[in-house]
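In the two assemblies presented below, chain A is common to both, partnered first by chain B and then by chain C.
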Partner chain A sequence: MFRHLFTLIWNRKRANLLLISEIFFSFVVLFGVAAVLITSAKNYLAPHGFNYEQVWRLEVRAGQNLKMPRAELDDVLRQVKALPGVRTVALTSGNLPFIFNVNNSVYEYQGKKSPVTNYYDADDHYNEALQLHLREGRWFAPADDGSNHRPVVISQDLRESLFGNGPALGKIFTWENPGKDVKPEDQFQVVGVAEPVRMESDFSAAIPTAWLRLLPYDTTHWETANVLVRVAPGSGGELQEKIARTVAGVTRQWTSQVRVMDDERLHRRRYTLVPVVGLCIMGLFLIINVALGLFGVLWYNISQRRAEIGLRRAMGATGAGIGWQFLGEMMVVTTFGVVLGGLLAAQFPLLNAFDLPVQPYLLAIAAATGAVYFITALCAWQPSRLAAAIQPAVALREE
Partner chain B sequence: MENLLANSPETRTQPAALNGATPVLRLTNIEKVYQTKTIETVALNQVNLAINRGEFVSIMGPSGCGKSTLLSLMGLLDEPTSGVIELDGRAVTSFSDKELANLRNLKIGFVFQSYHLINDLSVVDNVEVPLLYRKGMSSKERRQRALTALDKVGLSARTAHFPGQLSGGQRQRVAIARALAGGPEIILADEPTGNLDSVMGEEIMELLMTLNRRDGVTVVMVTHDEQQALKTQRVIRFFDGSQVS
Partner chain C sequence: MQRAAKHDVLIIAKTMLRSYLKIAWKVLMRRKFFTFISLFGVSFTLMILLVVAAMFDHMVGPGTPVKRVDRMLFVNAIRQQRVDDHGWMTMPASIHFVDDYVRKLKTPELVGISTGASNATAFTKSKLLPLDVAYTDGNFWQIMDYDFLGGRPFTKAEVQQAQQVCVINEATARDYFGSTAVVGRTIEIDLKRYRVAGVVRNVSAANFYAYADVWLPYTLSSEYFKDNRLNGVFLPVLLAPSAAAMPAMREEYRQMMKRVEIPNPKEVKAVFSYADPILAGITRGILNHQDQTMDDDNLDSFYLIMGGLALLFMLLPALNLVNLNVTRILERSGEIGVRKAFGATGRNLVSQFLVENVVLALVGGLLGLALAAGALALVNEAHPVAYAHFALSWSVFGWGMLLTLIFGLMSGVYPAWKMSRLNPVAALRGSGEQK
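Presenting the complex of A and B:
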């Protein structure tokens, strides 16, 4: 029977072209949506690689064109750290986790280039504040003051891209295309390797990362200082007010703002979710349209094939058999569309599109295949039941 | 009505060998009523009829007299409102859809005025259709039986053609081959020559008569053509849903 159905569909391929096209496009859309959802879910379930809870972001502003002397900034840091409830403070660059500010570059080690890498300035207390998971080596320490090169801690994925399976600690790398005379501050010596981190959003993938030691630093050209503040559990608005008053107490010209990193994570999550939800809604509407289209076409097909249904009943088909035949035909048509869509979808992992691993693409192909078969079976079910209920004597008499 | 009865040739054409034989198909007190919310239409009224094995029977009557309804009931495509249908001595009235479908497949072949071929299937694939519903038959055997049936109707050279490439007469031959392919005991033909010119109609009639004489297939044919009816062994006439001779 399967061969018969296949022959029938093949011989009607021109008539079925529209259906096959609809199924093909549905498959492609579902594949796209599934790939985004699976990648996002996979990322969401992966660890962040650091602890954002009980971490606040203190932004201290000196004001436009005003200097921020280091002595005063150190005083601010010291006084804030001394507040009850504050565990540690760490100075960093403006591209803190979960905010829309990214510093990235490409690094090079003995001609081998890294992928695009996020980099952060970090002082010796940064790791206490964010609690990264170090795999090798150590975090920055005052002993690094005497280093001839700039100490860096790198993430495991950056380590693999630059050094492969070889040792990384003590190795020195540079920015991409460093030229002949590389300044010592542009030569980065690895002192530690941390687990991969996801600092952009809950749904972003781990990105190769380098933390460059922020010392010695000249703050006189700074207008803003970004400080990570790790606080005790249960700390709230009262402590935030105290921090603001402390900053104002050092110098009245400076202003400050305290934000909770977890709130910024949730804020960023909403920004990331909006396009994903939008894509899902668009996909859903498209699928509903396609489903209605399929339903209509199948309904029409059955009304056009009433005589054939009557004939098959006369030849020995049962009502249920007719229903299954129509469902089977739809599955064969679906297979044509899915195979075409699958061929297109397979190009994504083969061409390493969007730098995503193969697994989400394969899962997306499987999910899209399952969904398309489910939708078409659902759409074919009612018309097939209708076909099964057609009285053969009536159908044969109509023509 | 009187005129129709006067011309009835039924007793003259009944072969002696069939007298007293077990009917392959028997209809007893058959009534068929089509009912809508407002109208009740009696299509068949108290029909009693027996078709003997190996007979070639024609059914005649004006349009709307219930001929096609009768053929649908004989072909187990429809159920009577009341009465009993027996096939090979077994009452089929209470049979399930599956049992009826199986009986149709094994014992009955259908030939229709408008051929009812599937235009998207080749001639041989069309002839194979009834065999698709036969359990346990291999595709090789299906193909062989279809080719044999096509050979019987003289269409061996047209197996790969599609219905649209054939003449009306050839299409009806394909339909007859399809009816034959399953090796049925009865062929029910609903105006098989109705869409054909006289020459082709004659060819089809000859073919049906040959199948009846040579292979012993029982044929029940609905026709409007008096000349063709006269060639059959028995003519049953209907008027307004009742058998009049």
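Presenting the complex of A and C:
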């Protein structure tokens, strides 16, 4: 049966070559769209690893190149924390979640290098504000002031890349290529391990993360202080204005702005969503286009091959047999296109393109294969039925 | 005599073209389903290309307030090469750099400055109003053509005296005051008070150099330093006296960079900066690979990449159309056989088929234009970018028609060639065999 189908296809190789190339390109398009969709969906369904609800971002800026004396900044934080409705305030670095601001670096432990890692400054109250999920150890505490090294909390994915399955707590790692004498503040001692976090956007993958404890003397050369404020549910604009006026009440030199983290998440989401939606629309249009074209070509081919069908029917083939033959022919042509496309698509996981894990690529290949077969079968179904319904006497009389 | 012969040839060509067009129309109407599939492919392909082109045009083409875009150069950054391979530092210009170098250039008619928009906050009755603030000088308002709903821009004198004045956009006026007739009233931003000098129509946030909610004199900026540093936050805009003077102005800027004195030679080895039209300014940054001085604006490679992507995108619909066309030739083998038997050459048939395909593509192109207008209306409704209004322009329309023609030819050549090679005898029998 299959040999027969192959012979039939080989006899019409030039016409089929066009069909095969069309199916090949459709496969590539579907593969690309599926890879993007599967990766985004997988990320979207994973937990964020922290709680962004009821968290505000307070940015305090010293004007005109003024530095930020610790005493005044502490005064601001104390007064903001005392406001009714404010639960916690925590100092951190400028690369807060969901804004377009990234600090990253590579770390090293006994010659073993981490992947590119996001790092955040964090004080002792940071975990109360963002509510990370700690797996091992603890968060920073005032007792860490006496530590000789810089206490850090790392995410589970960073822990795996630096320490593997061995113990991590109490271990000391450094920046990449530390050199001979490393300053104590550049020696990072692990005090805790948190679940992986996704702080970039709703659709981004988890990135290895390190939280470095903010050293007490660090603020003196700041021009900007970034503060996380956890507020009571239902707090709104009134409290935002109160916070701004409180900052201005301490010193008129400083300006401040308050933003809601959840708003920034939605804002960032729109930025990430627009290209994905655009890609999907393009892909959908291309596939509809191809499906219509395939339908037209197959339908026409059937009416061209009426004589052949009539002859086969006269020789005793059943209508259903003829229908299956046309469907089968189309499936073989599809297989050629899919195999070619699959060979191309397989290069992505093999060459580790875009540094993505293998699994989404394999899923995308499977999804694209399924979709291509489904679409071609759908397009071949109606023409095959037409072929099956051809009466031998009518078809042969035409000839 | 010779002229008369030429005239005859012209008439024959004309009548031939007319009959081709007639045949094309008949063929299109004969198989409505096939025509629908072809038109669907052509029009949607063009629609997507046109929507992308309209967005591109919105970003880099002329539009309020950057109307005289063909006479403007922008300076995005000054790149400083640090000594001992300590890397590169890229930031916009300082006032010292603008005043002592850029403003002293001879070619530009005007030099203005602005900053990218930065965040600020105003409070209305218990509501927080996030604002984007930019700082500008007096010249900026003469280079850009903002639509003033009321009032006027702030002047050079007001900038020099660092007066607390501002220009706000329509949206801010409505959100803060509830109306747009607010010239002379006071707005409190970041707890500082400014007098409203003018109200302008909203400017699209995609317009990097001209967008803001509130404009303030640059002398009020916290980044206004009077020392001799080169890096700051300011973006100089140079207006040439005419479009023809643009290359000269660009070259003079290039020469000027050679004279720039480095204030901290112990840390910085060399400085680089370029004055570019909008698009070149973007491509210089994003398409740069190895050359850290960014001497090449990469405009050619940009066009090459975009052209390649557009062709790649058109490939699948074109292949689809080729497939359909090849199929339809077989359907018309009877007609072709008759024409061949009566002495039509292969070239005649090829040109006839190409005319048919181009007619189809042009009809699809016009449909695509209508679809693109509809799609852009939907996009505008969704407000993906603040205050942006994407629209089709004549240049986009022209590009669209050109793309359609390419598309029509791309999908017509192979089937036409195939058609011309049909064996007349076989064709007359209707079996579609080849020579």
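As a convention for this text, the second predicted complex is superposed on the first by the 369 of 399 C-alpha atoms of A that agree within 3 Å, B and C clash if a C-alpha of one lies under 4 Å from a C-alpha of the other, contacts with A are read in each partner's own complex, and residues count from 1 in each chain.
Just so we're on the same page, a contact is a pair of C-beta atoms (placed from the backbone, for glycine too) under 8 Å apart; a residue touches a chain by one contact, two chains touch by 3 or more.
The structure displayed is predicted, hence computed values, not measured ones.
Legend: residue contacts after superposition of the two complexes on their common chain; A:V297 is shown touching chain C, with no touch to chain B. Greater residue coverage of chain A by touch, when chain B is weighed against chain C, goes to C. Of the two partner chains, neither chain B nor chain C is touched by A:A346. Of the two partner chains placed by superposition, only chain B is touched by A:R397; chain C is not.
In the superposition on chain A, A:Q257 makes contact with chain C only, not with chain B.
Residue contacts after overlaying the shared chain place A:L311 against chain B, while chain C stays out of touching range.
In the superposition on chain A, A:E241 contacts chain C only, with no contact to chain B. If you check the complex, the residues on chain A that touch chain B are 1, 3-4, 7-8, 11-12, 307-308, 310-321, 391-393, 396-397, 399. Those residues of chain A that touch chain C in the complex are listed here as 15, 18-19, 21-22, 25-26, 29, 59, 61, 63-65, 236-238, 240-241, 244-245, 248, 252, 255-259, 270, 274, 281-282, 285-286, 288-290, 292-297, 300-301, 304. Contacts from chain C toward chain A in the complex involve residues 33-34, 37, 40-41, 44-45, 48, 119-121, 123, 126-128, 130, 190-191, 222, 225, 313, 315-317, 319-324, 326-328, 330-331, 384, 432. For chain B in complex with chain A, the touching residues are 68-69, 72, 75, 77-78, 97-98, 101-102, 104-106, 108, 110, 112, 114, 116, 118, 120-121, 125, 128-130, 132-134, 139, 178, 182.
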